[in-house]
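For reference, chains read A, B, C and D in written order, and residue numbers begin at 1 within each chain.
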Amino acid sequence: MKHFDSDYMEGAHPLVMQRLLETNLEQTTGYGSDDYTAKAKQLIREACGSDELDVHLLVGGTQTNSTVIDGLLARHEGVLAATTAHINAHESGAIESCGHKVLTLPSHDGKVDADEVEDFITNFYADETYEHMVAPGMLYISFPTEYGTIYSKEELTKLHGICQKHDIPLYIDGARLGYGLACPEADITLKDMKDLCDIFYIGGTKVGALFGECVVARKGLLKHFFPLIKQHGALLAKGRLLGIQFATLFTDNLYHKISAHAIDMAMILKKGFEAKGYKPFIDSPTNQQFFTLQNEVIDRLMQTSTFEIWGTRGKTHSTVRFVTSWATKQEAVEQLIAEL
Amino acid sequence: MKHFDSDYMEGAHPLVMQRLLETNLEQTTGYGSDDYTAKAKQLIREACGSDELDVHLLVGGTQTNSTVIDGLLARHEGVLAATTAHINAHESGAIESCGHKVLTLPSHDGKVDADEVEDFITNFYADETYEHMVAPGMLYISFPTEYGTIYSKEELTKLHGICQKHDIPLYIDGARLGYGLACPEADITLKDMKDLCDIFYIGGTKVGALFGECVVARKGLLKHFFPLIKQHGALLAKGRLLGIQFATLFTDNLYHKISAHAIDMAMILKKGFEAKGYKPFIDSPTNQQFFTLQNEVIDRLMQTSTFEIWGTRGKTHSTVRFVTSWATKQEAVEQLIAEL
Amino acid sequence: MKHFDSDYMEGAHPLVMQRLLETNLEQTTGYGSDDYTAKAKQLIREACGSDELDVHLLVGGTQTNSTVIDGLLARHEGVLAATTAHINAHESGAIESCGHKVLTLPSHDGKVDADEVEDFITNFYADETYEHMVAPGMLYISFPTEYGTIYSKEELTKLHGICQKHDIPLYIDGARLGYGLACPEADITLKDMKDLCDIFYIGGTKVGALFGECVVARKGLLKHFFPLIKQHGALLAKGRLLGIQFATLFTDNLYHKISAHAIDMAMILKKGFEAKGYKPFIDSPTNQQFFTLQNEVIDRLMQTSTFEIWGTRGKTHSTVRFVTSWATKQEAVEQLIAEL
Amino acid sequence: MKHFDSDYMEGAHPLVMQRLLETNLEQTTGYGSDDYTAKAKQLIREACGSDELDVHLLVGGTQTNSTVIDGLLARHEGVLAATTAHINAHESGAIESCGHKVLTLPSHDGKVDADEVEDFITNFYADETYEHMVAPGMLYISFPTEYGTIYSKEELTKLHGICQKHDIPLYIDGARLGYGLACPEADITLKDMKDLCDIFYIGGTKVGALFGECVVARKGLLKHFFPLIKQHGALLAKGRLLGIQFATLFTDNLYHKISAHAIDMAMILKKGFEAKGYKPFIDSPTNQQFFTLQNEVIDRLMQTSTFEIWGTRGKTHSTVRFVTSWATKQEAVEQLIAEL
């Protein structure tokens, strides 16, 4: 059986496991006060190209989103996001459970449109009854999006400019950040991120770690964040586990290298489907590939591979998603293509 | 100056004021444990045609919505509602501040479509990842809607049937219930309400009371509601004020009579506009009337009348709303028409 | 039957009712944007002796406490209060339902001790694990307290100094503020309040209004408070009702005069009990009087009067509370004494 | 340097690490739907002696407490707990951030007294104003407590009986459950737990796992718990990590064996201190040992060992805590004693 369900089907990259093993019986203080965490933070700051960044290590994606958003918004504010945004669609209401509304914008293959963001905010304050409505307090986007697409540098610059004009932070969910930055279509690097948004996270769970997400924020943006992390149940007792993992991923460019592999695999898969006459459902340059296939093709492929039906099954055709990762083997992809 | 901004521009109906004055120096116990409240509840039960109803008196509309919805939903559930629903658009995030997501459905002149409700719920449970999403835990509709439209008995029966099939309560926001029931197009009465939904409220603030909303629920549906009312800051110390007002409104059919007057005034207004060649923006049979007018007409009317621009002002034309109420004077309406 | 259960057993002071009646059919805009509300706010600012004050009119006490506290605290902060504080004991968890912990201090006849406040804060930050605990983000006290006692100017000055030193606001719950200021033991006036705390409210519900509480805050302390009021369900559609009431109460010193009457009545009651050999359970100078009586005395008095047993009934003796108000009649008090 | 700060200073037990390594590159589905998790749950059920138990694997302790408590309480309810309870003192307000009050009871060396629980509940419902207060909706205790003490079977039976009588669940925080069950003073076993409470968790983080807490609940007690776990940010993408760890810990009695080692070390430490004339501050039979020492002794010991000052440092003496774990080396303890 070959598996293309998601990018979190394996454990960690072997080098990460090795470091966890090597350090296993060392004794360190808890809650991220250890040296490994300090080192990871320093490596992350270097990789991001600035010392003026606050870095926090959390455990999972939904947890990170809800803790960060709760930390950024005032009570009367909500978070702008595409209807397809993970926080709107797939977090069981975590954002609302903290008291905040997700203010939805149209999704364009997973992305928000800068003009629509600008219009939303402008129209909001033009409405005389705006104090009876939820104020747009921040903008959430994902890079890559839930549909595998990415923003260009120009698009991000424009979005960030709008946010700055209206004095609200731009937050980028980078659950798959590595895969977004590693694809040839990306015209930004990790070092650009700090200038293109106010806060983002570097996903570990889907990119080589056992678990772990690394929040990088403009210095001072998040206030009193430590007790908030604790309050959200997001504080790992053995914080060094996060430190060790991220330190490993940000040594010798490992994070980027393993991300690039996933993109290579995704492109082999994409071209293989295209060569057999299938057009992508969405033109994704990253590690998630979507195709609309006949149901009988899907059923046949599912005898030897696992992957997700995107949304609900159609009558004759359905859209499916294939995901590659740092751990995907080329032979598995080639076999899948052969079986098409 | 004539005023058509809203249906809460005056105090209370004179008979309500008179009763408040007559009883003013009587001493009663607090928090709705008094005889006036008991009597009001009994009159409401009679007006609704059943003794098997729980009745609660609260102060305001947003407060009532958030307390009721909080009382009905489990933590993992959200409330289905039209995008134009008051709870989604104009309550400053009160529902989300209690932890619940508003799950939006398309608005059809303010109404939800039964098939779209059914599809939403069916698709939700058909999605294999549904436990990562917010479950539809109740349906909220308003009668009349925020656009003045009303549901027919057939439509309500269908909506209620879908809710019953999926075992979720149907809640009707009746901030303007009187105006909805009093219009000739309505094919339901107050006595029908208990069979067409699980819980609704009878709006007082906009229909003759100084303030006050009366929640009517299937017996036992709301559990431990008293402490929840208190927790939501919705418990009036001098609860008898609500009891006296609702007892007055439900004596001698007052609530219905004064509602009917507002509809009469709205129809004079509507026909007056139509006679001058203006087509309604929405074909509302109730006390809110919407027209799209040239901006210069709006500016001229605004010299002698107040009313709301609906949404934001357009470049050449804008949509405006005129609202009548139990207190609207016929001469004011006629003067407005004359000034068109 | 004579009633001493509470200070909210009647409607409003006749002058308040008269003004509500006189203005009843006037048309005003909603949500406190009317002239009556503006006038009330101006009168309140004058009565408080400063134009540099933000004034907000809300409906009820628990609602006011939870909205204000939610508006003042950051997510990781809690509110310091006596164990006997209304917010800790009798608000059905309204504060916690907004996400905030009540951090309790010992109660000294309802009051907190300044040194204990100082120690709490100092010890909190001296604890190396303080970020795992809830930070003291504000201090709540009531004036008079739930036991009828009041703070001296010296005590308030000391408490406020401690709060200022630690940069947290001092909030005074003035549900019965009039009764506290009107008693001869009080060495402060309404004009002193703004200097002795950062924010307080002037209770209307218990002091002559039908309902209504008036928040007075240091300018700029409460940010974005209007949408928060709405979100908390505390925004009255016909806001002018609050404006009219408070404008009346703060014309010709009415608020103070009617408060003084309640104190006169309470002192007759207190002295009457003392003259018959009963020592007060707490030495309250305000409109709540507490005595521990034999159960048979209580049962006898309850045949002709109503009043509350404080806490639970004891085996032989129980503590009871008698409350006077602006509306209490002297003959009722004298009759009660006679029946002792 | 020797470390006695806490029981989470190392990584995982070597056998746990080995299994994580062996399975690292296997592919499994996410969110706990994998076979390892299924196997762990089955082993836990067997270890607990019943198939009629719901088992859930979460990441951390505070997270588990807040998710479980949120899952058990209705909106108007709070959780009874000792003032010293972790949820009251050291979770940064996580419980309150979910909307629930912690209703505190006196702490007796970390334990609650059954009679005081009974009195609290009885007095609550005897108070006529109880609907204005927060209802006791569950009882939280820890085993062992935050002070290292444990309840006897008789005590637990009595507490559980009171809870059953009042129809509220008894929840046991077992962050250190292994250490509590492994000490000779314990007269209960893991198999007894299901009969002595309604829900508890088996701590992994402090007892041999990298991280992980295992909730064991009476079947059906927790409803719709999966989306709640997700909403609380407590759902691990690679759920199998929890499954593998707990399966290892519950194979060949590993969990118990390594717990017993920590107790052996703690007893050597305790007896060593006693032999040198120091009396324990609290008579703890488990892996946390408390002593009040002269500050100069503390300072001297701190040159070669780390451990926590309990609360704040006193003027001449302070209370300190020494914690042993599954990983503590006997020579380290002996060296500490020698240095006393």
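Observations on the model:
Rule of thumb we're sticking to: contacts are C-beta pairs under 8 Å (C-beta built on N, C-alpha and C of every residue); 3 or more make two chains touch, one makes a residue touch a chain.
Here the structure is a predicted model, which means the values were calculated and not measured.
Chains making contact with subunit A as well as with subunit B: C, D.
Distance from the centre of subunit B peaks at D, each centre being the average of the chain's Cα atoms.
Interface subunit C/subunit D: over half of the residue numbers present appear on both copies, so the contact uses mostly the same residues. Should one ask which of A-D and B-D has more C-beta pairs in contact, the pair is A-D. As a whole-number value, the distance joining the C-alpha centres of subunit A and subunit D reads 33 Å. Distance from the subunit C centre to the subunit D centre is 42 Å, each centre being the mean of its Cα atoms. Distance from the subunit B centre to the subunit D centre is 50 Å, each centre being the mean of its Cα atoms. Within subunit B, contacts with two or more other chains are made by residues 75-76, 91-93, 97-99, 131-134, 227-228, 230-231.
The touching residues of subunit A, counted against subunit C in their complex, run 70-71, 74-76, 99, 131-135, 223-224, 226-228, 230-231. The touching residues of subunit C, counted against subunit B in their complex, run 3, 5-6, 8-12, 14, 17, 20-21, 23-30, 59-64, 66-67, 91-94, 97-98, 205-206, 210-211, 227-228, 230-238, 241, 306, 327. Within the complex formed with subunit D, the residues of subunit C that make contact are 75-76, 78, 89-93, 96-102, 104, 123, 126-129, 131-134, 308-309, 311-313.
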